[in-house]
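Got a structure for you, written out below as structure tokens; questions coming shortly.
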Amino acid sequence: MNVLELSNVTKRFGNFAAVDNISFSVEKGKIVSLLGPSGCGKTTTLRLISGFENVDEGSILFSGKDVINKRPYERNVGLLFQDYALFPHMTVEQNVAYGMKHRGFEKKLIPNKINEMLELVKLIGFEKRKPGQLSGGQQQRVALARSLAISPEIILLDEPLSALDAKLRQELRFELKEILNTVNATTIVVTHDQEEAMSLGDSVIVMNEGKIIQEGHPTDIYEKPNSKFVAEFVGRSNWFNGNILKKADDGILKIKTTEGFEFNILESLTPESSNDNFEICVRPERISLEINEIMDEDSYINLLPGKVVDVAHLGPDIHTVIEISNKRMIKVVEKYTGQVLKNNGTNVNLYFYPKDCIIVSAE
Amino acid sequence: MIKNRSTWLLLTPGIVLFLALLVSPIANILDESFRLFEPGRIGAAKDAPYTLFNYIELIDPAYFFYLYETFRFGIICSLIGLIIAFPIAYTIARQKSPLFRKLAIGFLIGMMFLNTLVRVYAMQLTFGPTGYAKFITGIFDISPNGRTYTEIVVMLGLLHYLIPISALTLIGTIQNINPRLTEAAQVLGSSRLKSHLTITVPLCVPGLLSAFLISFTLCLSAFVVPMVLGKGKVLFISNLIYARFSEIANYPSGSAVAIIMLVVSLLTIFIITSFVSSRWSTK
Amino acid sequence: MKRTVDNCGMIFSTVNILLALIFLLFPIIVSIIMSFDGRSYLGLFPPPEYSLRWYENFFSDTYYLKGLKTSLIIAVIATLISTTFGVSAAIGLDRYQGRGKQLLEALFLSPLVVPAVVIGFAILMFFAALGIFDGFTRLLGGHLIITFPYTVRTTLAGLVGIRKSLTEAAINLGATENQAFWDVTFPLARTGIVAGSVFAFAFSMDDVAVSFFLTSPETYTLPVAMISMMRTNFDLTIAAAAVVLMVFTFCLILILDWVIGLDKLIGKGVYRS
């Protein structure tokens, strides 16, 4: 049985449907990421699951039992707020113990559990400190310990890493996943950050305007987005719009774009469509400015000539902007392995394979 | 930027005003309070000798009575006012609709601005002998002219002013408390009531003390309310001063009482304020 | 169960708020309605018939009208002087970084904590010692002192909120210190200044305790007039007077809202719900 199951859940504020007929489920021990821009309904979904908003339609089942009439303190949910919401007038110990005290845990078992939790988040020794004396990362760990202390059926994380700086985010991402897996927690992570969603989640649900757009493994979402929205949201893109010219053999289709370029794309990756018009996305990191060994497939490799307009060395990557026609800019990202950087104005060729063209129906 | 001359120029009018209208007058009555009073004269003679008599005279149970009465009413009414004002302040603080907030706060400010006399008169009309006095006292079986009812009416009169002021003070405090905190508490398992008792209220304590302090000082200096609604049975310190002044023209004694009243007020404020800042100094 | 506890709590809280509202409003409503009472004697609420007689009484009674006139004149003059001196003091305080700053601030705000009776009594005695027995001067002095803290406090609050970077930006663009003040600081502080004067006017009109000591038989404010009438002739003309004052209060609230917006007066706090 799934730990959490939402069926046809709708929530309206006035005439506006913040959450519009969504359904999904979470299996025990799994981490699901809810990804979407601000206002897409992900936070509302979180509040519906935790009980701070009431559903207008649909049902929410915790291990098979419908909880929509239960108040927050009657549900067994853990909730990690974006700003951690640690009780400023209580010590770390008291914060972690709060849930256990109010859910009627046996008094003598509490100190052990506190210890266990603090050990899990690597904060032994911080028992007597107050939240005001902790750093952002430490506060987050206390908040996590506090939520996990009551052994919730499901734990909800609201933008867990967004308040931290980039470096800390990378470190804590791994730790967070480790902690959640150690206790075999069933988790939902809500975020607008594509990196956070993809790195933490066993599966990703992309939301927009209250609806679920796509659900699947992070790799599937990245490689096979079902719409322009999803493609744009989970990664950088270069877009072309074109119509099918003709069908070649070996499952290759030839496309002519609005600017007049001709590409090869894979028929197997092309969705069904009533017309021949498609949007084609090529990720910047799949474009090369050089080609190495010629392989069989190379007879179908795509080539676009262009001129370098901007080169930025970002440390591990090089970001290049290339103009391929009048004012049409293409972004290319390459790994920096010590190569010589190109100058502005250099003429280059852009190479990319048909299999790296993501194709969605033109809306 | 310490621009000395122009800064001092700006501060001078205010300082002069205060010297003339507050500092000197208080210094004057301080002086007066140490002078000997001759009954029959208006006030003390210009060269009357200095004496502690006026103060010593006040160390008398009868005068402690006034102090006790004032304090008693002050503490009771301030506490009741706080308890009633807190839910009102909380409801307003957590409201999102700007129209509601505007109306609610406008209402409270209106109640605060309301002329004391209008308030007192309204209470008199409603709860006095021409009003519902007989009806209310009938329910509780007490005399409408008795002391108990008079005390209740005075308390109601004070509360009518204290509740809006406490509520306005508390709104600011509550707004600065993260609403996510009570939600966190509830998701961890405490009922809504418990979450407020363990989280909101402890975090509001500085604001609560502030509101209490303001209410208490207002009660201490209450004059019109006890005078009109007290009907001579309930007397505060300020009424004592007035009595000294108007009935027997014993200005030295009146001055002494005034000085004591001033000292008591300032001391109370000082004690409560330093208590708050020592206990709740920011980490 | 926790649920029942919460439901009880909600009921209790709602009842509390409703009762408080009724308590605050009922006496006011009684006064307003009674001011239109058609009976010629003071009977039990509610009145069986209505008339404007008490208002006619009020507006034809020179005793009351003189009080009203004096109240208004004192309030206007006190507010004007108070605002001028108060704004000046607030600006001075904002700039002054010396050692006595806290003390000066406490001094300027002290009339809020000194009992009104003490202020009234002290000023009365002091002026008498100086040989000033004129009611108008005494009243003005008393009202000046009690309104001053309001103008200082709100102006100071307004000034403190103005980031130094704004004046510095102006100076960087070429303004002198004074120009920067008039062009940048003053307009931004304007709402604080106006709010202060509205408060000052309101509390001057409202004052009873201080005025009680400082009036003379020739010069008295409306509230003081009302008190003497309450002792001698407790009739409903006082109700009419009360309603007139209520209208004043209401207008002041409207002005306050127009100038500064009532919800802004308390601010929004750091958190949005």
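Letters A, B and C name the chains as they come in the text, with residue numbers starting at 1 for each one.
As a convention for this text, a contact is a pair of C-beta atoms (placed from the backbone, for glycine too) under 8 Å apart; a residue touches a chain by one contact, two chains touch by 3 or more.
Everything numeric in this text was worked out from a predicted model, so none of it was measured.
**Q** If you apply the touch rule, which chains end up adjacent to both chain A and chain B?
**A** Shared contacts of chain A and chain B: C.
**Q** Between B-C and A-C, flag the pair that has more C-beta pairs in contact.
**A** Looking at contacts between chains, B-C has the larger number.
**Q** Once you find the CA centre of chain A and the CA centre of chain C, what distance in Å lies between them?
**A** 57
**Q** Roughly how many whole angstrom separate the Cα centroids of chain B and chain C?
**A** Whole-Å distance between the two chain centres: 16.
**Q** At least two partner chains per residue is the criterion; list those residues in chain A.
**A** Counting only residues that touch two or more other chains, chain A contributes 71, 73.
**Q** Mind pulling the residue numbers of chain C that touch at least two other chains?
**A** 2-3, 6
**Q** Quick check: what residues of chain B touch more than one other chain, meaning two or more?
**A** Residues 178, 180, 190-192, 194 of chain B touch two or more partner chains.
**Q** For the complex, give me every residue of chain B touching chain C.
**A** Contact set of chain B toward chain C: 1-3, 7-11, 13-15, 17-18, 20-22, 24-26, 28-29, 32, 43, 84-85, 87-88, 91, 93-94, 96, 98, 101-102, 105-106, 109-111, 113-119, 121-127, 130-132, 156, 159-160, 163-164, 168, 171-172, 174-180, 190-194, 217, 220-221, 223-224, 228, 237-238, 241-242, 245, 251, 254-255, 258, 261-262, 265-266, 269.
**Q** Going by the contact rule at the top, pick out the chain B residues touching chain A in the complex.
**A** Residues 178, 180-181, 183-192, 194, 198-199, 202-203, 283 of chain B touch chain A in their complex.
**Q** Contact residues on chain A for chain B in the complex?
**A** 50-52, 71-73, 75, 77-79, 81, 83, 85-89, 98-99, 102-103, 130, 132-133, 146-147, 150
**Q** For chain C, which residues are in contact with chain A within the complex?
**A** By the definition above, chain C touches chain A via 2-3, 6.
**Q** Contact residues on chain C for chain B in the complex?
**A** The contact residues of chain C facing chain B are 2-3, 5-6, 8-10, 13, 16-17, 20, 23-24, 26-28, 30-31, 34, 42-45, 84-86, 88-89, 91-93, 95-98, 104, 107-108, 110-111, 113-119, 121-123, 125-129, 141-142, 144-145, 148, 152, 177, 202-203, 205-206, 208-209, 212-213, 223, 226-227, 230, 234, 238-239, 242, 245-246, 249-250, 252-253, 256-257, 261-263, 265-273.
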